[in-house]
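Next up, some structures in structure tokens.
Heads up, the next two complexes both have chain A, just with different partners, chain B and then chain C.
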Partner chain A sequence: MSTATFRIWRGDAQGGEFREYPAEVSEGMVVLDALLQIQARHANDLACRWNCKAGKCGSCSAEVNGIPRLMCMTRLSQIPLDQPVTIEPLKAFPVVRDLATDLSWNYRVKKKIKPFKPRPPDAADGTWRMAQEDVDRVQEFRKCIECFLCQDVCHVLREHHQHEKFIGPRFLVYTAALEMHPLDTEDRLPELKQAHGVGLCNITKCCTKVCPEDITITDNAIIPLKERVVDEFYDPLGWLAKQARNALKR
Partner chain B sequence: MPDYETVEHDVLIIGSGGAGLRAAIEASAAGVSVGMVSKCLLGKAHTVMAEGGIAAALANVDDRDNWKVHFADTMRGGQYVNNWRMAELHAKEAPDRVRELEAWGAVFDRTPDGRILQRNFGGHKYPRLAHVGDRTGLELIRTLQDRGVHRGIDVHMEVCVIELLQDGGRVIGAFGYDRERGKFRIFHAKAVVLATGGVGKAYKITSNSWDCTGDGHALAYHAGAALIDMEYLQFHPTGMVWPPSVCGMLVTEGVRGEGGILTNKDGKRFMFDHIPDNYKAQTADNEEEGWRYTQGDKKARRPPDLLTRDHIARCIVREIKEGRGSPHGGVFLDISWIKQRISNAEEHIRRKLPSMYHQFKQLGDVDITREAMEVGPTTHYIMGGVKVDADTEMSTMPGLFAAGECAAGINGANRLGGNSLSDIIVFGKRAGEFAAKFAKGNKAGQINAAQVEEAAQRALEPFSRNVTAGAGFEGPYQVQFDLQEMMQNLVGIVRREDEILRALDGLQRLNARAQRVGVTGHRQFNPGWHTALDLRSLLTVSEAIARAALERKESRGAQFRDDFPNKDTALGRESVVIRKGANGSMQVNREPLPEMPEHLKQVIDEMK
Partner chain C sequence: MTQVELSPAPRRFGETSRSDAWWAQPLAVFSGLSAFVVYSTWAAFQGTHYHFGPYLSPFYSPELFGDSPHALFGPKPGLWPSWLPFSPALLILWIPAGFRTTCYYYRGAYYKSFWADPVACAVGEPRKSYLGENSLPLILQNVHRYFLYLALVFLLVLAHDVWKALWFADAAGKMTFGIGVGTLVLAVNVVLLGGYTIGCHSLRHLVGGGLDEISCAPTCANAWRCVSCLNRRHMLWAWMSLFWVGFSDVYVRLCALGVWHDLRIV
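Let's look at the complex of A and B:
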């Protein structure tokens, strides 16, 4: 059994440092295995979040050698072990302790997005009819496990700290899932344009690259939302048509 | 008493999985103030891992299905020791609870005519599981979470409860600490709902998350409530066995529902050799018929690969023991073979079982569209738990309710796949409804400062033990590992009196070690400290499992006694009840099961 060295960031909101720990490496191990081994043997109080260790809950997000990843789905065989493996907390959020960051901003943002509002049921028994083809794209967005890796890698949040003006890729995907839900009747375009800042995304697709669920965040969610906002607010023909519709309603 | 932060709620819910969220939504809808304590971040609870689906007799795929068939299937699967009233309510109310999820935004897979699609699962006579690929739990928890956050529920994230507070035999709140800052918090409530899930972390090989440490079971027990059925612990037949790092990770029964087959090293489908008598009439006796069943042929009977979990787990253990296992100590589960039957098999597998495809590819270097998986049993679910009233979910203590995996009754001696997601929404709703009602009818109780102080002192003791000084103290992790190893070896799938007695001896020693566990560092987000505090729950539920398993001198459902391999009719009319005795030791009793009314007996007879 070989050993590898892990360079783990230890500290809190006041600051911290990297510390090196050894871990025994066995077949099939993932980064989280190494971390839990170090926690049990060398650093009982090493703070990190994890739950399912199966890539389903999205709790063990961290930066492994500088790349945002789920530690439970990152095999040691995928990374070079001849040099220390660096593990750091997510950069887009304030550190609580060691690898645990304060993610509460994400929960506050979600609360601000208007909830699902279905059309009246299609059948007398209170149920709806939807074709599989019509729910496919929403199901893609609903695969999201809220690991917030996309939020972490997004430079609007990570480097420019625009947390007050931009809801980030995760919540654009969430909005898209609601907006494209075949039953939904709510209109979220005005806030998408203003408070939620869809225009701040400049389509670098970093979020899509780190998504552990392979959601095509930029192409399938964000760009269509941008198009809807453009159609609603900037399309002169659309604007005229809307005025005419409103006039007729009056 | 130091000035601990105190929060007031009418109803306090402990646990943020499906049962807790559904209870919170219902209590909030009843107009009371609701607080929910979550050991982890919201949306990360173990419900998120449920894969195959939610069992509900919607009859969208097979119109012969109805609540009576679901009821009879659940009772048969539970070996008729289920609480009949819970099984009845569950079968009747599950369809409404599923349709309600759709009204709240859940997007299930669809039938060709646009309704909720249902799939086959073990022990269910007809295709009954509403599902979203193999990530149904995620869909359920996210739908409830998103519904809940708009209803004014106060969520206390990353808070762990260590004691239920009492006033004159009634539960009036809870005491815990927040993981992030390490500070204590008092929750003062008129009613408390336990929805803390399972106990899998008492075992080495488990499909459960780190937080499934049996907190609700232990809190209820230490408060004086009764636990029942603790001997019934489900080992899911198909967990990953290789590589070691993922050993125990769940492989959904949906694989077999979609046509996957179990084979041994000789390529033989061994399940055909062992069909129990009470399932013979409804089980295919040849491979061809089994395949037709998985493809929706209503005239075909289900293949033996879809028998109940307790039975399949034992058959797999036998294959391995008798030398017919796979290279890494499991058996084979093969879905790739369906390419012999359907044209676009690879795409079909990736579409119906995306998480399984990804999990094996990423973690096991196995492409399930091309080769067989290696699988073996993994500790999955406890049927036993807090004894509750079937209609209201109130425990034997006033003001204390329980729902979901930490409550007992609905599943009897063995749970059918898909019945847990329906259980948590059916009984989560009821617990929320009746807890709110209780809160409206009762004044807040008086907090006992001495009880709070004692719990706080107990929680802080590990900091006073210096583990580095070599003074006979040790860290918490090794104690946890040794417990898991021992329970796995001595109170596992196949049990014997001498082994259980050894486990009880071992538990005494582990309890003594737990009293001498020390932690390093400070109180802020300190996993060592949290692990030390979780030991109390783990040791309590382990003892309850061992004592109940010892008491039941028969084999029934998930309880298999090598020394008593048959059913005992008299024991089949009793539950094993665990209570904390006046001297603090664990008391084991047997109590008669409630008598099933005639009309339900008839339903069971009709479905035989």
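Let's look at the complex of A and C:
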């Protein structure tokens, strides 16, 4: 068994500092194991969130060596241990204490997105019929565990703090799941363009890179939403074609 | 939207806790794109050595006006101002350049490597203000689908160039079928450009991605699946096609200069 050094950010909203702690490392350990060992042996007051230890609850999000990751899914064998391992709280949200951040902004944003509004039921018993193929596409988005790593790494929130203008990748995925749903009839494109700020995303794909569920956030959710906004607001020929189609239908 | 009070001060440019070589990818992209832009600009302004036998450099195709036998409408128009440099490439190169500049992959790549916005994921940026693609000039990136329409026409033109590159004039001036290394170079160019253009995100949306019930339109569903298949490797297609289109010009140019000799396979 070897020993590694962990450099953990300790502090609160007023400020803080990095403190170094040793941890015994054995095969198969993840960063969260080391952190809990440190909490038990050296820092009983270390604040951090964790729950499932299986990459499904999204609680233990933090920045390990500067990269947003789930601590329970980051094996120590994946990171160099010859230098101290840096563990910091998420940068896009206010620190509560140590590694715990205030994520409540995300839940407030979610409430502002127009909810699912299905068409009238297809059958007399109040049920709907959907083709599997149509549902498959949005199924990917439903894998999201709301760990908010994508929100943290997104530079619009992280560096430019545009929380009031941009809902972030997580909620663009959520909106895509609703917008592309075969039963949904709601129109969210005006909000996407204005209040939700899809145009602020400059498609650098950092969100896709950090997603622990491997959701292809940029290619399958954000860019298709951008294209739908183009259809509606920036494509004069498309608009003319749509008017012509509607006129023919009438 | 509600405001979030963030205590940490904005970080300096390049500030990060990342311990990996985060700078390597933006540096590689910067070098690759810069090299291509410099070479293609130089080649476009040359106006000479862009054709050899049945081969026409893709930088100059379609040749609208020019001195080569490939010119569609004859030599340089007499009305062309004498003070303005003329090259057949300058008349058409804005289309593929516009297509690549507004491409979703390249946008993300050059925002990182040229604008440092951000230079890499989770790394501090040089500027504090940020407008994204929500206002001028970057809102113009939404024109991408119009460049796509033109790029699809270019694909047909380049495919026709490959057909023309299969016919060689013999000593008597009679056209005979043949395949040279240049034919293969131009054919590979069309395949790679096809993989890149047909895998475009806008095309993926236009052929069926915009439908919520794609199962009701089987043709659209099949087209969407095909485009999605290419789209998954869009970055790879983008780089391979970029390199090869440049190489195709180099090949034709060096053959025209007599530096390389085109080998006839058939």
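Note that in this section the second predicted complex is superposed on the first by the 237 of 250 C-alpha atoms of A that agree within 3 Å, B and C clash if a C-alpha of one lies under 4 Å from a C-alpha of the other, contacts with A are read in each partner's own complex, and residues count from 1 in each chain.
To be clear about the criterion, a contact is a pair of C-beta atoms (placed from the backbone, for glycine too) under 8 Å apart; a residue touches a chain by one contact, two chains touch by 3 or more.
In this text the structure is predicted, and so the values were computed from the model without any measurement.
Peer 1: Once chain A of both complexes is superposed, is A:E164 in touch with chain B (first), chain C (second), both, or neither?
Peer 2: second
Peer 1: Identify the partner contact of A:E140: answer first if only chain B is touched, second if only chain C is, both if each is, neither if none is.
Peer 2: neither
Peer 1: Please work out whether A:A131 is in contact with chain B alone, chain C alone, both, or neither, and reply first, second, both or neither.
Peer 2: both
Peer 1: Is A:H181 touching anything from chain B or chain C once the two structures are fitted on A? First, second, both or neither.
Peer 2: Both chain B and chain C are touched by A:H181.
Peer 1: Thinking of the overlay built on chain A, is A:K111 touched by chain B (first), by chain C (second), by both, or by neither?
Peer 2: first
Peer 1: Could you say whether A:A47 touches chain B, chain C, both of them, or neither, answering first, second, both or neither?
Peer 2: first
Peer 1: So chain A touches chain B in one structure and chain C in the other; where do those two contact lists coincide?
Peer 2: 131, 181, 184
Peer 1: Help me check something: in the complex, which residues belonging to chain B touch chain A?
Peer 2: Checking each residue of chain B against chain A gives 40-46, 48-49, 99, 102-105, 107, 109-110, 113-116, 132-133, 135, 137-139, 142, 146-147, 149-150, 157, 180, 209-211, 242-246, 249-250, 355, 358-359, 362-364, 467, 475-478, 481, 519-522, 524-529, 531.
Peer 1: Report the residues of chain C in contact with chain A in the complex, numbered from low to high.
Peer 2: Spelled out, the residues of chain C in touch with chain A are 1-8, 10-11, 16-20, 104, 107-108, 111-112, 117-118, 121-122, 124-125, 128-135, 138-139, 142-146, 201-202, 204-206, 209-210, 212-216, 221, 231-232, 234.
Peer 1: Across the complex, what residues on chain A touch chain B?
Peer 2: Going by the criterion above, the answer is residues 12, 26-30, 33, 39-41, 44-59, 73, 75, 96-98, 100, 103-104, 107, 110-111, 115-116, 118, 121, 126-132, 135, 138-139, 142-143, 145-146, 178, 181, 184.
Peer 1: Under the touch definition given earlier, write down the residues of chain A that touch chain C in their complex.
Peer 2: So the residues of chain A in touch with chain C come to 13-15, 63, 65-68, 80, 83, 86, 88, 91-95, 105, 108-109, 112, 131, 133-134, 137, 153, 155-156, 158-167, 179-182, 184, 195, 197, 199-206, 209-210, 218-219, 223-224, 226-228, 230-231, 234-235, 237-238.
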